[in-house]
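For reference, the structure I am asking about is given below.
Letters are used for the chains, namely A, B, C and D, taken in the order the chains are written, and counting of residues starts over at 1 for each.
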Amino acid sequence: MDKVVSSADEAVADIFDGAIVAIGGFFTAGTPTSLIQALARKGCKDLTLVIMTMGPGNPDVLQLVLNGQVKKTISNYPFYRSASQGADCCFEIMVRAELIEVETLPMGTFCEKLRAGGAGLAAFYTPTGVGTVVARGKEIRKFGDRDYLLETAIRPDFALVYAHKGDRMGNLICRKTARNFNPDMAAAAECTIAAVEYLVEPGQLDPDTVHVPGIFVKRVLEVGRPSYVPGL
Amino acid sequence: MATRFKGLSRELMAMRVANELKDGTYVNLGIGIPTLVSDWIEGRDIVLQSEIGMLNTGPLASQENVDQDLINASCQPVTERPGSAYISTADSFGMIRGGRMDVAVLGALQVSEKGDLASWANPERGFPEGVGNIGGSMDLAVGAKRVIATMIHTTTKGEAKIVKNCGYALTAEKCVDLILTDLALIEVTPEGLVLKEIAAGLTAEDVQSVTEPKLIIAPDLCEFRL
Amino acid sequence: MATRFKGLSRELMAMRVANELKDGTYVNLGIGIPTLVSDWIEGRDIVLQSEIGMLNTGPLASQENVDQDLINASCQPVTERPGSAYISTADSFGMIRGGRMDVAVLGALQVSEKGDLASWANPERGFPEGVGNIGGSMDLAVGAKRVIATMIHTTTKGEAKIVKNCGYALTAEKCVDLILTDLALIEVTPEGLVLKEIAAGLTAEDVQSVTEPKLIIAPDLCEFRL
Amino acid sequence: MDKVVSSADEAVADIFDGAIVAIGGFFTAGTPTSLIQALARKGCKDLTLVIMTMGPGNPDVLQLVLNGQVKKTISNYPFYRSASQGADCCFEIMVRAELIEVETLPMGTFCEKLRAGGAGLAAFYTPTGVGTVVARGKEIRKFGDRDYLLETAIRPDFALVYAHKGDRMGNLICRKTARNFNPDMAAAAECTIAAVEYLVEPGQLDPDTVHVPGIFVKRVLEVGRPSYVPGL
């Protein structure tokens, strides 16, 4: 199995209008920048993005917003922390204008909905969000003496993920906190596309240390290791 | 507009929180004042968790040892300590909800007398209801064995932030165990809020005057133990 | 007692199953006849999953290259192939339920005309209802995109194992896509069971005589394609 | 934090009568033999074991049965495959005599109940077991066009787990298929006790390759690397 593709444009070629696209990365760490840029070039519309944040540390996703490609986001920390930075941000402006719909989830629920999707579960009961606005319209159920909230799985159509090393079969190893959402998004999506810093041959990754088994990955693109200054 | 009392600096607030932490425990520090707590526990046997997916997070990185793949949940470059471990964010929150955090120190916008916490949605930002930066706050508030809420005692307009009922969107109900402000240390108990320590030069009446619910004065009320 | 027809050996059954597998796919092989399939796909571009928590399982280990920490789900020492990955058993079943197995080849005790599978509880063992070795069979039957059930066509007493309704405890309802026995290859379709291939020297009537539901004879019925 | 204990007996000293004890290992791979033996020596009674199998590849757990310490097992492959081996097995004999209660779960459900317990979830909906005896008395619910079964989390009082390497803080690295149930049991239990082949100092394990973060582990016992012939 050789899942290597030779360009970011080829990697995202079948993403369609209206697709649900999960994008890995936690602020600056572990974001598949070149795949997001290719998605902007491709220009498909009405996208639902499943992504930690829109803006902070992630200027490339703002290009998708500026292009008018984003219909909805499912996020946990969508906005700039600072109100002044936020006021200038095209995403915030479009949210206030009701041009983009935002679903905000607790970070643990956000992850777990993806994890459930990847693991073939329909839904789960979590204690997080009970008694808050997150619980609106959702079932509350008591187990033991505690209330839990029913949350359903997310199965994105596509996931754009990032890893430090990957082999041709799609096995991925992430590095430090750049791992973050990438493994669970890779497992949850129907079609997962991985940007890897270093492409290696099968057999060169220690099988005990693989974070994303190749079965979850449809395409692998080598992007090299960029150098940047982390922080917001 | 209420009188603005002079209390602890943010740094000393962080120091006071650090004194609450016990050796041999696992602690998560939220954004803002809580982040500063890490400066006061260096060399102690406390393991910090970053909800991004790291256990045993070390101090902030200095310019020369920044690793672009190593940040905390506030996106600050940090360092490893011996015995660190990386996990996925999903596993990190499993750990948090599963009750493995001995203490979470969280920033707050309001805390109610029942210990309800409001920390993520400032109505001044003007977002639609339910929209905002929830981040990891709800999971931490629900999952940690002990929640310490830190905040400046009043708003910039002098309004009480310790209130009978939170007017801001909740993070979680009845989750706060201890409130640390620049003016006071207050324990949340079934009987109500117990005022235990206050800033030098202030009286219990001073603190009560900027606090909405009636405070119970601890028999051993004292100045901040720093 | 029904006539016992002579059909394929277990090894040739495994070979016939191997011909069903496509290159570039992920496959889980169950205990028994399915395990033998691995002998027939060496060198092909098929990744085997072991539900214990391994992807790209290689052939059985020979005595000199046994690794005590490397077994398949039947507890047989196996080997790695380039591009293997280990995962926890929980993650392994996440993968299975999540629909990532293109094919699961499972042993069977009974298969119904609707494709119900009974594979884990032989009443002869005499356990209380609901008790037995379920193992990974239910998850694989439910999760795999395509389920191939393999078994000897009749019991040792000559009773049909392809039945109208399973009398044995079910593994999963309506999950089997293809049945391969020593006597026949039968596809489960919405219209019923379609007899597609039979063992050399047998007629469709022979197979029907040891099969409870009425078989639909495929227009291109032929001998086993080996 | 130094979680190292010096003997298996010390490691299991607080396991109490009536405890729910999860025991790692998949047949012969990754079983904490010396901790099971210590549990037999300690002799506490009315135990509920959460364990893949009773017997095949695991003679030490049969000693717990012979000692009359086991009230119930929650397993997925409890018995010998062969009826003849099974007929001679004390566990099967006691099950038939209704002296030990057996709950049999699909393997994926077994794992996932532990995973949910460790992750602070109360319950989840799985497609596995619908239409079978496993579903008896459990809620069935439709999500989309498919039926799912409600399964609740397991939180054992103790977990006895096994790893290849461990450091003093309880971080563990497993080896190959000896990983199996160990990480999820470690996360699920109130008190997790780890037998490790090699004890190392904090800093000696690559943090990207840790399978069980130390936060889940209360005690670590170095047991050396035994040599045995795998198989049943």
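Keep in mind that, in the parts below, a residue touches a chain if its C-beta (ideal position, glycine included) is under 8 Å from a C-beta of that chain, and two chains touch if they have at least 3 such contacts.
As the structure is a prediction and not an experimental result, all values here were calculated from the model.
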item	value
Chains touching both chain C and chain D	A
Centroid comparison with chain B (C-alpha atoms), farthest chain	C
Rounded Å distance, chain A centre to chain C centre (Cα mean)	37
Where chain A and chain D are represented by their mean Cα positions, the distance between them in whole Å	33
Averaged-CA centre spacing for the pair chain C and chain B, given as whole angstrom	56
Residue list for chain D, restricted to those that touch at least two other chains	112, 115, 119-121, 126-127, 175-176, 179, 207-208
Touching two or more other chains - residue numbers and ranges from chain C	86-87, 93-94, 96-97, 143
Touch-based graph of the chains, sorted into line, ring, star, complete or other	other
Touching chain combinations (by label order)	A-B, A-C, A-D, B-D, C-D
Residues of chain D defined as touching chain B within the complex	1, 115, 117-121, 167-169, 171, 187, 201-203, 205, 207-208, 210, 213-216
Chain A partner contacts - residues on chain B that touch it in the complex	31, 50-54, 66-73, 75-77, 86-90, 92-94, 96-97, 121, 124-139, 142-143, 169-173
Residues on chain A engaged by chain D in the complex (per definition of touch)	112, 116, 119-127, 141, 143-144, 146, 148, 152, 173-176, 179, 206-209
Interfacial residue positions of chain D with respect to chain C in the complex	26-30, 56-57, 76-79, 81, 83, 86, 95-96, 102, 104-109, 111-112, 114-115, 126-134, 136, 164, 175-184, 211, 227-232
Chain D-touching residues of chain B, taken from the complex the two chains share	24, 26, 45, 47, 49, 55-56, 80-87, 91, 93-100, 143
